[in-house]
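Two complexes come next, and they have one chain in common, subunit A, joined by subunit B in the first and subunit C in the second.
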Partner chain A sequence: MLKLEKRPQPSQTWIYLAPVVAVIATMIAGGALFAALGKDPLVAIRTIFWDPLFSEFAFFYRPQLLVKGAPLVLIAIGLSLGFRAGIWNIGAEGQYIVGALTGAGVGLAFYPLEGWFIFPLMVLGGALGGWAWAMIPAVLRVKFGTNEILVSLMLVYVAEQLLASMSLGLMKNPQGFGFPGSRNLQQYPSAHNAELIAGSGMHWGVVAALIAVVFAYVLLTRHILGFHIRLTGEAPRAARFAGVNPGRLVLICLGLAGAMAGLAGLFEVSGPAGRVSIDFNVGYGFTAIIVAFLGRLHPLGIALAGLLMALTYIGGEIAQSRLGLPAAAIQMFQGMLLFFLLAVDLMTNYRLRLTKREVA
Partner chain B sequence: MTAPVLSIKGLTKAYPGVVANSDVSFDVRTGEVHALLGENGAGKSTLVKMIYGLVKPDAGSMTLQGKPFAPAEPRAARAAGVAMVFQHFSLFDALNVAENIALGMEHPPRLADLAGRIRDVSETYGLPLDPFRIVGDLSAGERQRVEIIRCLLQDPRLLIMDEPTSVLTPQEVDILFETLRKLTSEGVAILYISHKLEEIRTLCDSATILRLGKKVATCTPAETTARELAEMMVGTVLHTPERSGRALGDVALELSGLALRSPSEFGCSLKDISLSVRQGEVLGLGGVAGNGQDELLGALSGELRSAPEMVRMHGKSIGMLGPIERRRIGLLCAPEERLGHAAAPDMSLTENAMLTGSLRENLERGGFLDWGRAESFAKAIIARFDVRTPGPGNAARSLSGGNLQKFVIGREVMQRPEVLVVNQPTWGVDASAAAAIRQALLDLAAGGTAVVVISQDLDELMEISDRFGALNEGRLSRIRPTSELSIDEIGLMMGGAHDMEVAHV
Partner chain C sequence: MKLTQLLTTAALALGLATGAMAQDKLKVGFVYVGPVGDGGWTYEHDKGRQAIEAEFGDKVETVFVESVPEGPDAERVMTQMALDGAGLIFTTSFGYMDPTINVAAKFPDVKFEHATGYKRADNVSTYSARFYEGRAIQGHIAGNMTESNIVGYIGSYPIPEVIRGINSAFIHARKVNPDVEFKIVWAYTWFDPAKEADAAKVLIEQGADVILQHTDSTAPLAAAAEAGNIIGFGQASDMSEYADGPRVSSIIDDWAPYYIARTRAVMDGTWTSTDTWDGIGPGMVGIGEITDKVPAEVKAEALAMKDAIAAGEYHPFTGPLNKQDGSVWLAEGEVADDGTLLGMDFYVEGIEGTIPN
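Entry: the complex of A and B
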């Protein structure tokens, strides 16, 4: 008979092993899924994990890794701070959209003026927009005890409506022949988040993600605020005893997560995406939740997990176009990753024991 | 000599890394109360679990009333005539007494019949209890009666009781003892687990003492002093805490008319609590659990805020200050619940040292943490309070309860408090460690600290406090010098057997 037994201490081995095992299990289960869809599982797995990095067209895909990974990492770092403290911001997608709208709005307001100060102001605008959107669930929770999971999630759909309204109305390109969507910021040098090194995929968003990783690492390991965040997540009552003000922590964590998601939105809209459009958001805010957990809510882990998730995005697109895999199958594949991670995670705090059935 | 009801021979049970019981043998005779004594971790609960069929022994055998006895599960043990009253009750608050008892039965009779049987048994054994009262309205003592009656309905030959008096006032303890004596006079054997040595000396006919999983002695408690019993449990000579004569200083902490709603629905709100503690004084606050102890600690630690002037330190109003500001001015606290309140279970001892020590031990500078200093601080606590652990990197939850308690108390004591408030400082701690903790509290007082000890252990409060008060339903009794109090008076201060019908055996 198999029995789960709580470990006296969390296993250090399994903390690091769990993501690896989860990735392998995802490959196996995903392979079975692809086989059931009539595709060769080995080819499909190779297309997703190998081709973007090492195939003959890899020079095209590798920069994409940074382009797609940066927003994931930036958002996931922000989310992980709250998750560590047991504050569940599920609405990063909405904060991402609003950050993009406010940031782009600042840029578009200056059009066609050129000046070095425009882009920094846009960055500020993006961060503030995401922060403000996250403050709605934060203040509601602190003042009225509402559930931040529901409020932040529902605000995503509000943000999507706002995005649609903006791209069809206020921010619509006056010279766009009536098509929805704003002016293309890539064609407005002062507002363009261009590649820092041509062909590398490296833009300001990637820099911001790197800074966020370092910032979160120092915060969590060396600063009293990070210590209080961890303490609140592990033992809320002990945190209050230590002197943590839970309401203040909710405001800080949701605020930081919102600001980072807003930044990610701004860097995306002013760079790779270029303009505000109805279908501007592609679910980074939700995928970042997977990234945060896949990275063990640890800044360095999140950086790696963000790259891995970007890989499945790019590989998934290749598999869709080349093998004709349905998009839903790719999403399910990504979902499996979180599913297996949570399942394998059990091994960190528990161990399996084989017990002989006791004779009655 | 009467025949043994239960005879245990060479019982052994090993868990990975620890031998819980090694070759334990003893007899429990008909009509006796047999004490099972030992420190935490000595193997008492494993032994009892084997008797009750919850754990299967690796080696050894048992006989019950002359027949081989190897229960595979509690149901088999119950069928053979073994009943057990656990330390923690398993009752549903929303159901009445009879319904709760019916739930534990395999073939419950009709509720009306059961109620009749409950009345019979409760009257016979002097445990008055109305079968139709809702359990949620019962006091701890009455809940225990429900558990006892549940056992008695099985007509047991052997009744196991695990620390039954920890939730009772002295008067309630007297009632319980009457019941147990009546049971033994009818030939029931009782296996009685307790830490309270005086209690065992009053009640028990014989005692088996366990240390580190082995039986070290069998004795007759009435002919042995409490000190001898304790030393057999610990295996070393015990030092009684010594108090030096000391002059009291100014009033350090003062509560005036403290009233506070409990944040918890099942908590106990504080009502008009006034007290003062002088520098160098130990104030003991007794009371049955759940009468406002947690709330009072919260109001002092700053987790619960009150009107500013309700709490004063050195004359300054501090009721509105939070935990960090209170630590800054030297008001330190150690809550009762070690895991999850005083310490974060999954964090290391170093991190737990940081938890309250960051400010007074200079472990942070401008918000940045100095982990090196935190580790030294943790090591210093471990060394001075003899905390048994491989090192400060170990998680708090890996320590035994008593060791973690030493760490938690030590962490506050070593921060040189001006006022120290502790709730249940030696709960679940073995005798020698308890003595060390009490000594540390007395030393602190000798150095001029005002100490408030909230405890349910009356012997402890008698031993270390200068003045004594009792909490009862969120109110504080008049505070009186300990030296002029008798145990009976204390019982009355604690509310006596209030709310409980008095037994007439």
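Entry: the complex of A and C
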């Protein structure tokens, strides 16, 4: 008989092995799915994982990995701090939207003035917007004990309505023939988050994501706040005895996550997306939750996980177009990744034991 | 090297490579905003794609990517198709406008066709359909059929295209029924079955017995079927699976003739950048079969109106028409110009409520 037995300590090997096993299991199960759809599984897997990196047109896809991965990493880093402390911000998507709105709002307010100070002000505006939106669930939790999971999630839908209203009203392009959507910030040099080196995919959002990874790493390993975060997550009672103020931690963790999501929104709206439009948000805030867990809530892991997710998006599009795979199959493939990770995660805390059947 | 240079070089190299192959195969790409199985907007575009394959057989290869978000993702998908050697790319949602223009600038030899936008370039055409012509016929049927005199209208977003449809339907409903009122709910989505069903239920609770929709799913029809004694119309696609129930007719987007013509133009080398806005006449807007629930004389009138619009004898926006505030918009016999229609941001006289802003 097979029996699950709880490990006294989480297995160090499995912590690192689990994501690798999950990726391999996803490839096998995904390959079976693609084969069932009548496609060559090896070609499909190669198209998704290999072609964006090493094919003929990799010079175009590699920079795109940074463009697609940067917002995921930036948001996921912010989320991971809270997740480690057991503070569940599920509403990064909303904070991302509001950050984009406030940041773009600052830029649009200056239009058509040109000046070096405009973009830094927009960055500040984006961070503040995301921070403020995250403060709503944070303050409600600290003051009234509401559940931050529900409040932050619900505020995503409020933010989406706000986005629609802004695209149709206040921020609508006066020269847009009545169509919804703001001016294109790509055509407004002072507000444009352009590529720092043309063709590299590096824009300020990528730089911010890298800084966030380093910042989070230092915070968690070297700073007392990082220690408190880890302590609260791992041993809440001990944390209380150690004098950690839980309310303060909620405010800090949600605030940081909100500000980072807001920054991601601002860099996206002023760079790759260019304009505030009704369908501006494409789910980065939700995908970042997967990225955070795929990366083991560890800053370096998150950076790798963000790039891996970006790879499946870009490779998935190529597979759709070249092989005629349906979008739903690609989404299932991405979903499998999280599913297998959670399944394999069991091995971190439990081990399989062969036991003899007991005689009655 | 700059990316644009790299891309141009790649495009040139491909241009040379595909130039040799061009005699036997043209690759046509499609970028879709929804899933091909949405039963509405994207479904009809995909039928257009299949029509190209049926028409040209081995001479074309079509590729598509579905559910592509508007913005940088769309830009990447278009670039990827162009790099893979597509010679003609259809981008089938308004939000693909700026991405299409950006990508088109990098691939001067690839032809782009953008649906429902207003930005063009030497290698970017735009095309759209005069859906408001179909709305006129819908309004005529709705005005005749309603018993509660309340017609519910599910709007997607308050943009000119949707407002045009509301006005057209309302004008023609009022013409046959001076007591009719429109209740308008904004769903703020093009495709979200749950939200659309909720909107339909709210309208039905408020007494509407006719539901018009400018959203793409069949959910409002399903809600109408559930409530009973409610009629509705297919949107974008025929939605004939509800013909035994609430659906009495439909507005069908038929992109196939246009798609085939544009593909042929690229093959012949006669493709030029154009702006197309076609209606019932050229067949871009179709009226789905009017079922027996509609009285014979109403059906005959509706079909007569369809023929008159197709022949160019009747324009759905013909004066006298006033704006909502009572000011004169069109004098007796005057016909609305396309510019006003394209930017329409006002209701006509008689519609209650304001356009959200």
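In this text, the second predicted complex is superposed on the first by the 360 of 360 C-alpha atoms of A that agree within 3 Å, B and C clash if a C-alpha of one lies under 4 Å from a C-alpha of the other, contacts with A are read in each partner's own complex, and residues count from 1 in each chain.
In the analysis below, a residue touches a chain if its C-beta (ideal position, glycine included) is under 8 Å from a C-beta of that chain, and two chains touch if they have at least 3 such contacts.
What you see is a predicted model; the values in this text were computed from it and never measured.
> Residues of subunit A touched: more by subunit B or subunit C?
Per-residue touch count on subunit A favours C.
> According to the stated criteria, A:E234 is in contact with first (subunit B), second (subunit C), both, or neither; which is it?
first
> Touching A:G243 in the superposition: subunit B (first), subunit C (second), both, neither?
First partner only, subunit B.
> Looking at A:G258 after the superposition, I want to know if it touches subunit B, subunit C, both of them or none. Which is it: first, second, both, neither?
In the superposed model, A:G258 contacts neither subunit B nor subunit C.
> Touch test for A:Q64: subunit B only (first), subunit C only (second), both, or neither?
second
> Looking at the overlay, does A:V282 come into contact with subunit B only (first), subunit C only (second), both, or neither?
Once the two structures are laid over each other on A, A:V282 reaches subunit C alone.
> Quick check for you: in the superposed arrangement, does A:S321 touch first (subunit B), second (subunit C), both or neither?
Once the two structures are laid over each other on A, A:S321 reaches subunit C alone.
> Check subunit A for residues that touch subunit B in one structure and subunit C in the other, and list them.
none
> Where on subunit A is subunit B touching in the complex?
Of all residues in subunit A, those touching subunit B are 8-10, 222-225, 227, 230-231, 234-235, 237-243, 245, 358-360.
> Enumerate the contact residues on subunit C facing subunit A in the complex.
My answer: residues 1-4, 6-7, 10, 29, 35-36, 63-73, 75-77, 79-81, 83-84, 94-95, 98, 118, 157-160, 188, 342-345, 356-357.
> Spell out the part of subunit A that touches subunit C in their complex, as residue ranges.
The touching residues are 57, 59-61, 63-64, 67-68, 160-161, 164-165, 168-169, 177-181, 184, 186, 195, 198-199, 268, 272-275, 277-280, 282-283, 313-314, 317-318, 320-322, 324, 326-328.
> Where on subunit B is subunit A touching in the complex?
Going by the criterion above, the answer is residues 56, 72-73, 301-303, 322-324, 327, 333, 335, 337, 339-347, 351, 354-356, 358, 364, 367-369, 371, 394-395, 397-398.
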